[in-house]
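Each of the next two complexes has chain A plus one other chain: chain B in the first, chain C in the second.
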Partner chain A sequence: MFESAFCQIVFYIFALLAAGCALGVVISRNPVTSAMNMALCFGFVAAIFFGLGAQFLGIVQLIVYAGAILVLFLFVTMMLDIKAEEKPASRNCWLPSAPALGAVLIGTVFFGLVSNLSLALPGAQDSGCPAKALCSSIGELALSPTAAPAAEAPAAARFGGALPKLDPAAAARALKPGISPEEAAAATSYPDVKLLAQCLYTRYNIAFVILGFALLAGTVGATALARRIRKN
Partner chain B sequence: MDAICNWCDALLSNPIWFYLITTVLKLVLMFAVILAFVVISVWIERRVAGWIQDRPGPNRAGLPLFLLQRFGSKEKQPLKELLHFFGIPEGSCIAKLCQWLRFDREIPFFGLIQPCLDGGKLFLKQELTPSYVRKAYFIVAPMLVLGPPMVAAAVIPFASSVETAYGSISMCVANLGIGPLWVFAISGLSVYGLTLAGWASNSKYPFIGGMRATAQLISYEVAMGLSVIPLFMMFGTLNLQEIVQAQAANGWTLLPLWGEGLSPQRWALMLPLLISFLVFVTCVFAEANRTPFDMAECETDLVGGYHTEYSSMKFASFFMGEYAAMVIGSAIVVTLFLGGWSIGFGADAALAGICPWLAVCCQFAMFILKLLAFIFFFVWVRWTLPRFRWDQVMKLGWLVFLELTVANIFLTAAVLYFVK
Partner chain C sequence: MIPLAHYLILSGLLFSIGLAGIIIRKNILVVFMCLELMLTAANISLVAFSRAQGTAGLPVYDVQILSLFVTGIAAAEVAIGLALIVALFRARKTVESTALNTLKD
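Showing the complex of A and B:
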């Protein structure tokens, strides 16, 4: 009871801070301030991941986005002429339509949330999803008793139903078949690195490799564009 | 008295309070160790530098005894008088030892006066903020350099866990399942401090220094992360406490001489592990921005690098950050490759059998000892090797280390698969 309430409070604090920083990225005129706000935003998102028990995702968020990509952003922004960037933008004919576009965007996002579109994510309905796979491999054990879908919305049913809740004991049992019930019950954290790796390198292996090749192609392309070919 | 005991008992029996109290105690200990080590490593640096460069200053500067004569002491040779007083003959071992320690000429301070005066000087210097800097970032930058290493230390285990009447205490502040990644992520964030310092100074040379720091840290972070993957493949876990426990039971990573460490597979793994050790240590040097990789503060081409415009304590906090990063780098190398807190040769289990708290104290002392030894190594390298050229640094990072570490991962996988 205490733990769940605490987690919720922490989640909402970090979510608010992340949203505030995201707003700061858009509002601030100085590009370096924008970039720093974005770094803070990534940090808070990582904190949310930590709060949810997904430590690995949180740390990857920090290493990859805050530690590498955003530093490169900063690297480029610092080369800009800050004084010219800070001047108010010239008015053009598209400016009046900006609030309307923004409203449409936010409305769409909220509509998506309300209609439970998040369950239409690929994988939510097939057995490759780690939560789902865990349940099917060890039966009903992983299903928390409260998650019984009594009156689910039809949209949810169409997209495979609400995702079952992961619990550490079930995860421990799934990874180590010979574990004693007491030890499994004592598990407090998910072996999230292993769960993620199993999911990524078995079920989604081909997609993962294709993505790797796409990134490689991007890198090669960028190098080819940036490299001046010397004649002689 | 009984009431106090009962109250403490009740407080500690509550798991949440027990967790909070032990965590705060561990946090305080960890902070104290790091701050003390920042000071100690400056002291080590001065003395070792003096020793390597054959400069008597830091090692010999004591209070010369002829000063005593100026202040009215009648005795010409206090040491002789003293030896005579205790009845020690002049040619004896003790007298020779005293002579070797130069007690006959001065009262030694072991070079401790210099760091003290240094600290005082930095505190008392004029704090000057140039008018053309970007104020907010200029002030935040030194904090961003000093902060991350302190936070990164949270996952480093400094002793084994101990069972008490109220529950088990694991002797590291946060026993995360992603220990080393946490250290890489958080210490990687200190790059913001260097970059922003360079940019906020609004001056050409600091800017180039900041840019160099960014490029270097990003390049070496890649090789650093890849170089330790063979280690994780061998241990099968990312939890630092578990890694050290495995090393205590089965031999340190680089010294598999007891337990199950004597298997053929483990010996075959020595080559990839040695490669990972060399690459990782080099990357730690680069991440800590120390010579031979201190491109960001290379005074021959950049005046002073990213901290040219800084003065007084802001300047000092950059250096405290550098030394803190060096301490954390040493701690992670010791933890991953040199057995962390483990005493080795099965002594951990034996000591834990006698008294768990004794084992914890010995392990903590062992960890500190290893840390000191590695910091000495750090300083040794700094005063031995000359600085690289900038293009050499980039070449080493991208063309040598990246390929070498990727090949090393495949080599490790092959050994794990084929050699049983």
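Showing the complex of A and C:
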């Protein structure tokens, strides 16, 4: 009980910090500040991935985004002339009213998401909609006469209920099909990386190799583009 | 426990912040950072859905692999995009999107 409350508090803190750092990327005048905010935001997103049980993706998020991509951004910012950006005459936006436009856009999307997920809007009467699920989880659907509780239960569990728990015994069975039930029940840690690798190197092996070629093409293309072109 | 809906709200919030940044900012570097924010928001959605749709105590690992591919392609895209920005700065001495109006005039 204490552990679940702790997880919940940590998730909301990290979510707020991630959203705040994302706002910092958009608002700050200096591109270096933007890049630092972006790195912090990706760190918090990696923490949310850890909370979701996707440890490998969290580590990849930290290494690739907060490591490699941040360094690329900082080097390019260093190569370019950022003094022009800090001049008071040059505005950050292409319109004087652009900050208001951005605030309206973010506010509209957030309000739409929250209201669609928590209120029963007319468009949310479809049983596959998240709003229906949240309504049933807060008990409003039980009051409406047309509600069919049996049909709503899976959707409620999917959107409004708790996420299904990760099971180390199921993971042990998936890794070794012939394992005995006692041995599977004795497994305590959850081997996320092994399971991900088992899927990646069997079913998605060719796609993974193609991704490697795409990265190679990207490297070659970046080198060719950034090379100084000789005139003669 | 944290419901799936809250992960989706966080993902949508990050996505809309990134979209607002792409629309309102002039500096192409910052526009690129906002693009990365949007990709990350999509990744949060994917991982949350992989947990929520999982059966028998295991998440759906196909979705996590899709998220891994998104990260890999984003890395390649950033490399090419930053090289383009460097080439653009050499040619035009500016990184502001409002200065790129050759096709308009």
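The definition used in the following text is that the second predicted complex is superposed on the first by the 130 of 232 C-alpha atoms of A that agree within 3 Å, B and C clash if a C-alpha of one lies under 4 Å from a C-alpha of the other, contacts with A are read in each partner's own complex, and residues count from 1 in each chain.
Criterion: a residue touches a chain if its C-beta (ideal position, glycine included) is under 8 Å from a C-beta of that chain, and two chains touch if they have at least 3 such contacts.
Fair warning: this is a prediction, and the values are worked out from it, not measured in the lab.
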item: First, second, both or neither for A:66, with chain B first and chain C second; value: first
item: Touched partner set for A:74, first chain B, second chain C, both or neither; value: first
item: Partner chain in contact with A:55 - chain B first, chain C second, else both or neither; value: first
item: Which superposed partner A:17 touches (first chain B, second chain C, both, neither); value: neither
item: Which superposed partner A:193 touches (first chain B, second chain C, both, neither); value: first
item: Which partner reaches more residues of chain A (counting touched residues only), chain B or chain C; value: C
item: Overlapping contact positions on chain A, where the chain C interface meets the chain B interface; value: 56, 60, 68, 72
item: Chain C-facing residues of chain A, complex; value: 4, 7-8, 11, 15, 18-19, 22-23, 25-26, 31, 34-35, 38, 41-42, 45, 48-49, 52-54, 56-57, 60-61, 64-65, 68-69, 72-73, 76-77, 79-81, 84-85, 90-95, 98-99, 101-103, 105-106, 109-110, 113-114, 117, 130, 133-134, 137, 158-167, 169-171, 174, 195-196, 198-200, 203-204, 207, 211, 214-215, 217-219, 221-223, 225-226, 228
item: Residue ranges of chain A in contact with chain B within the complex; value: 2, 32, 36, 39, 55-56, 59-60, 62-63, 66-68, 71-72, 74-75, 78, 189, 191-193
item: Sites on chain B touched by chain A in the complex; value: 16, 137, 176-178, 181-182, 184-186, 188-189, 191-192, 195-196, 199, 207, 210-211, 214-215, 217-218, 221, 225, 238
item: Contacting residues of chain C [partner chain A, same complex]; value: 1-10, 12-21, 23-27, 29-30, 32-34, 36-37, 40, 43-44, 47-48, 50-59, 61-62, 64-65, 67-69, 71-80, 82-87, 89-90, 93-98
